[in-house]
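Presented sequentially are two complexes of chain A, the first with chain B as partner and the second with chain C.
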Partner chain A sequence: MDIRSQVSMIFHLDKCIGCHTCSIACKNIWTDRKGAEYMWWNNVETKPGTGYPTKWEDQEVYQGGWKKSGDSIELRGAGHKKSLLNIFHNPHMPVIDDYYEPFTYKYLDLIEAPDMPDQPTARPVSMITGKPIDIKMGPNWDDDMSGTPDYARKDPNLKGLSAAEQEAMFQLERLAFYYLPRICNHCLNPACVASCPSGAIYKRGEDGIVLINQNVCRAWRMCVTACPYKKTYYNWSSGKSEKCILCYPRLEAGHAPACMHSCVGRIRYLGVVLYDADKIHEVASCKEEDLVKAQLDMILDPFDPAVIQAAKKNGVADSTIKAAQYSPTYKFVKEWGLALPLHPEFRTLPMLFYVPPLLPVMASVKEINNKDQAAKAGPITKIWEDQWLYDTSTAELFGSIEQARMPMKYLANLFSAGDEAPVKDRLQKLMAVRIYRRWKTVGDIDQKKVDEVLKGVNLTYEKCDDIYYLTSLAKFDDRFVIPAAHREHAIEMLEFTGDRKGSTGFGFKENSALRGL
Partner chain B sequence: MATMDNFLFISFPYLAFAVCIVGSIYRYKVTPFKYSSLSSQFLEDKKLFWSSIPFHWGIVALLVGHLMAFLIPQGVILWNSSPARLIALEITGFAFGLSVLVGLVRLYIRRIGNPRVSIVSNKMDMVLEVILILQVVLGLWIALGYRWGSSWFAATLSPYLWSLVKLNPDISAVSALPHVIKFHIVLAYLILFLIPFTRLVHFLVAPFHYIGRPYQQVIWYWDRKSIRSPETSWSKFRPKNN
Partner chain C sequence: MTHVRSFRVVSLFSFTSILFFSLMTLLSEPLSADEGETIFAQTCAACHSIGEGRRVGPDLKNVHERRSQAWLQSFIKSSQSMVSSGDADAVKVFDEYGKMVMPDMPFTDAQIASVINHIKTASGGGGGTPVAAEPAMEAPVATDQDVARGRDLFQGIQRFGNGGPSCNSCHEASGAEVFGGGKLAVDLTGAFGRLGGTGIKGVLSGLPFPAMKHAYRKGPISDDESFALVAFLEKVSKETVQPKNYAMQMLGGGIGGLVVLFGLFGTIWGRRKKGTINREIYDRQVKSEISSDWRE
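Here is the complex of A and B:
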């Protein structure tokens, strides 16, 4: 057993309001620079939609991530042989137009335009060439555009849904969408690290953050291809790849990453988990239907004495073990089983987990017959030809999971490699907590019904209270349990402080006994 | 003329070689951040394919060819003893030369023609591209006009280059060569001289070590096996984060 700790995240999608505050917090700190204008280390997508960069999930095009090869795995579009053979031109690399050409406006023209009969305008200019451009695309232009042919209908996750199911998803009355905020997943089996010919990308042993050494990066660009989440970005000005660093300077100082700190919906949680690094290759190579379970099984119980002992032997600090015991990530992922990884079929073992979206639940869609009603209407009356009703007056206050407007298959394509069972299990639990809380606060639900529902999903009153607390009431310190790399230790993670000791004060750095020659 | 020849074929190669070695190491130590070629594939992808690929594979083949003639001249002469093999070798070399020329010219046009790519180009990139185009044009000219290059390179130039290596320069054979060939040689030294001042340094850090590297890389700031062991003395591994 090779126990390591990993900083791991939870994004609770039911709580995300799609405000992009996270993206802006990140942009202001890290990517508001030349060459990095188009980079969104944190971005928020509307799903169903094509995402950023356009259709990033379609690995037929981008060739990212790992694929199964016999009993093992290999990189889809990179790797020892492919990377070196394609080093002069990377055939699967996305280009700037797959993201968008960064732009600004000539605001000064508004002020400095001479007196004239027409309003002055601020023309958009490219932030690459500085010349006027027609803006074709922006970083979040799919925002709230579910149902549109350009975005939602080109979503790669619609694979496996019948034409009728897809049609139903995009009917105006049924249309539903949710937001998917994304940062680097800081994977356990990162494809970017594996694909880097220079060896510039590495995983930090102590906390598992994946970083790029800018001095070693030589612009071979293989990581951009290899990352299936398209979360390494090529800086066209500096010729280096850059990616989310999980605000490690903030983490080391005990602060939450900027995106999480600023999150308005408080959807983000961060904590460490302990896992067995010996199992990485085995888990990443397992059968597609076992991927989710195997990945969750890798995460170990931080209260198990055997695990604690093995962790200590492996140099994991007591403070880190304690942080793992209080970790919100551990609770969501393991204790309650509410969260799932994004696209486990890419086999990178992502360490950012999502609580799948349940909403909307206060209504359901019913098949009805409108024919009689339509016959009564006059010739000029507008009639609905659709044979369903968006019903908000059901006897059952909460509609059943099967009737949810977001098809289960669609969510399964995102969060469990197409297997509907894990997604259904998570959604049922979320629903059970709602029913429990409704019984407790409003009281219009029968206790017998509550007990029955909780039994069905293996939850207790106490667990429901805990889930409710961490979901709705949790304070900052509950949401972010940051392991102690205290500020005073942070410098030690980078250099030996003995080198600095004794270097300030009076005197000389040279040997003072040596005078003259 | 003799003075000029002495400078161009004795002093200059030594100077170029020294500058190349010292300059490359110095730049590696001082500005590791800029020790690569600035890829523009992200800004322009389609034209690059039919430029970068023919240029790079062609230049690799040509460099290997020149290196072979330098290192194993006897082998090349032996190979060329049969006319069929000689012509096959010359045609192959010429084809690679043409591929380099096509690639370079396309690269040059792309660099000045595409507004996005010209933003990430500097003056030295343009100078270098012109020098390389000139060099490959001279090479093709020599291959056509002064046959058969592979044979006389091995017989004439290889001994001269070895005399440089042995620190006992003998330029009698080189001085007698036509001006075109002399120009080609001097330009080669100039390119060597320019390596540390241009994006050419990227080939010095070609990532061959990747082949043998395990895919995953984990870096620890401390020795995790001994950091928590009671036997570890304080002075040996100072515990961190505890």
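Here is the complex of A and C:
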């Protein structure tokens, strides 16, 4: 056993309101720079939709991630042999038009324009050329399913749905969507790290954050192709690739990452999990139908004495083990089994888990008799001629899941490599907690029925209370259990602490010549 | 003073009159056949015979009966200008003799007339047709040693007795065991086939080509040397298969190869990502007009 700790995240999709506050927080802190204008280390997509960059999930186009090769795995679009055969050509990269041409507005014109017959407007200008442009695309161009059928109907996750099922999804009365916020998954088997010819990308030992060393990066951009989530970006100004750093400077200081801290819906959770690194290759190479289960099995029980002992032996700090025991991620993923990884079929073992959204229920139209009602109406009352009712009630306990407007297969394509069973299991648990809470607060449900429901999904009253608490009432320290950074351990490994003390702190990073002296 | 002057006048007069009469003589009637014979032997005989069959050029027996005097005059003066002007007879002869250029002769009209006179005389008026084209067999049969000697002479491994330059200074004979050769003059690989032994011998002794004439003026090639060279060129000519002209095949192959190559590229890399996948959306979007009063 090779026990390591990993900072792992939960995004609760039922709570996401699609406000993009996370994206703006990230943009303001990290990517509001020259060369990074088009980057959104955090972005929020509307699903169904094509996302950002367009169709990032379609690996036929971008050739990202791993594919199974015999008993092992290989990178789909990169690697030594492929690189040599292509003479280092990297044709599957997204181009700027697959993202969008970054733009801003000439706001100063609003106040500095001379007196003219018309109101001044702030015209859009390209942040690449500085010239006025027609905005053609944005990072959330299909937000709230806006735009044309070019977006939602071209969602790669519609694969495997019959033409009739797809058509039904886009009928006006059944139309439904939800949001999918995305950051770097800080995978256990990152394709970006494996693809880098310079060895510039690494996974931090102490917390598993995947970083690009800006001094080592040589602009190969193999990581841009290899990351199936398209979460590494090339900075055209610095000539280096960049990606989400999970706000590690904030984490080291005990703060939550900016996107999580700013989240309005409080959908984001962050905590440490302990996993067995010896199993990475085996799990990443397993059969597609076993991927989800195998990945979740890698995450170990932080209360198990054997795990604690092995972790300590491996240099995992006591404070980290303690943080793992309080980790909201562990609870959502393992204890309650409510969360799933995004696109496990890319085989990168992502460490960002999503609680799938409880889908809007499909309503039925019932024939009713409105005549009595109409007779009561006064002379000026509007009388509805229609003799039907839009009915959302169901006879079955989990009937609403069966009758969801969005096919289960669609969610399964996103969160469980096409296997509907894990998604259904999560949704039933979420529904069970709701039924339990309705019994507790409204009381119009029979307790027997509640017991029956909870038994069916293996939950208890206590667990339901815990889920309810962490979902709806959780405080900051419950949502973000950030272990101490223990930078001292990392420093001790590199240099003598006596030298370090007295040589850092106040001073200049650059030498005097670089400061113009 | 007067005496001297009158002497000068007399001498000037007599000189002028001599010049005048000699010119009159030159223009009025051809020079003697003797001079024509000399010129023929020195210049023409390298390539032509009278009644001994064709060599490099045609047998000139009774040529005055086949062609007009004027035609002969101008052809000898400059055969190529006649060919290029499209004279049917001139073109026919030029084509028949392997497009071998007859050098322009720097002779006066009178000298040419004397040569034609000599041909008339030598033809003897009898028998219209020239003798069969096959040249007489060489008396001695060339041995392997002769061939080897010829090759050495050609390459300059063995020097010519009179100090003339080796053949491969200007010529090439590809295919034989000859290393390299000049590109200044014609390739002699097939020279034997074109000229025959007599022709080559004639060229080597008569030196009808100006450059060759200049090169071997002081050191002519001896008979046994030219015999060896002929033996060598005969062997080269017989053993060398003239390379086929592959120009059209090369072009066809190139075009065909290109099609196959592009087809291959298309099959291997046809599904590669080309440009943006949003192209369709972008192309459909309407472009706004940017007014001229837009302030940058």
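To be clear about the criterion, the second predicted complex is superposed on the first by the 436 of 517 C-alpha atoms of A that agree within 3 Å, B and C clash if a C-alpha of one lies under 4 Å from a C-alpha of the other, contacts with A are read in each partner's own complex, and residues count from 1 in each chain.
In this section, contacts are C-beta pairs under 8 Å (C-beta built on N, C-alpha and C of every residue); 3 or more make two chains touch, one makes a residue touch a chain.
These figures come from a predicted structure and were not determined experimentally.
Once chain A is used to superpose the two complexes, chain B occupies space next to chain C without a clash. In the superposed model, the vertex angle chain B-chain A-chain C (Cα centres) comes to 30 degrees (nearest 10). Looking at the shared chain after the overlay, A:Asp150 reaches chain C, while chain B stays out of its contact range.
Legend: residue contacts after superposition of the two complexes on their common chain; A:Tyr62 is shown touching chain C, with no touch to chain B.
Set against each other, chain B and chain C touch different numbers of residues in chain A, with B touching more. Of the two partner chains, neither chain B nor chain C is touched by A:Lys230.
In the superposition on chain A, A:Thr54 contacts chain C only, with no contact to chain B. When the two structures are aligned on the shared chain, A:Pro132 is found in touch with chain C, with no touch to chain B. By the touch criterion stated above, A:Val95 is placed in contact with chain B and with chain C alike. The superposed three-chain arrangement places the nearest Cα atoms of chain B and chain C 6 Å from each other. Under the contact criterion defined above, the residues of chain A that touch both chain B in one complex and chain C in the other are 91, 93, 95. For chain B in complex with chain A, the touching residues are 32-33, 35-45, 48-49, 52-53, 55-57, 115-116, 119-120, 202, 205-211, 213, 215-228, 238, 240-242.
Residues 75, 80, 83-84, 87-91, 93, 95-96, 128-131, 189-190, 193-194, 196-199, 201-206, 214-221, 224, 234, 236-240, 280, 312-320, 484-485, 489, 492-494, 496, 498 of chain A are the ones that touch chain B when the two sit in their complex. Note for the complex: chain A touches chain C at residues 54-55, 61-62, 91-93, 95, 97-98, 109, 123, 132, 134, 136-137, 150. Partner chain A is touched in their complex by these residues of chain C: 269, 272-273, 275-282, 285, 287-288, 290, 294-295.
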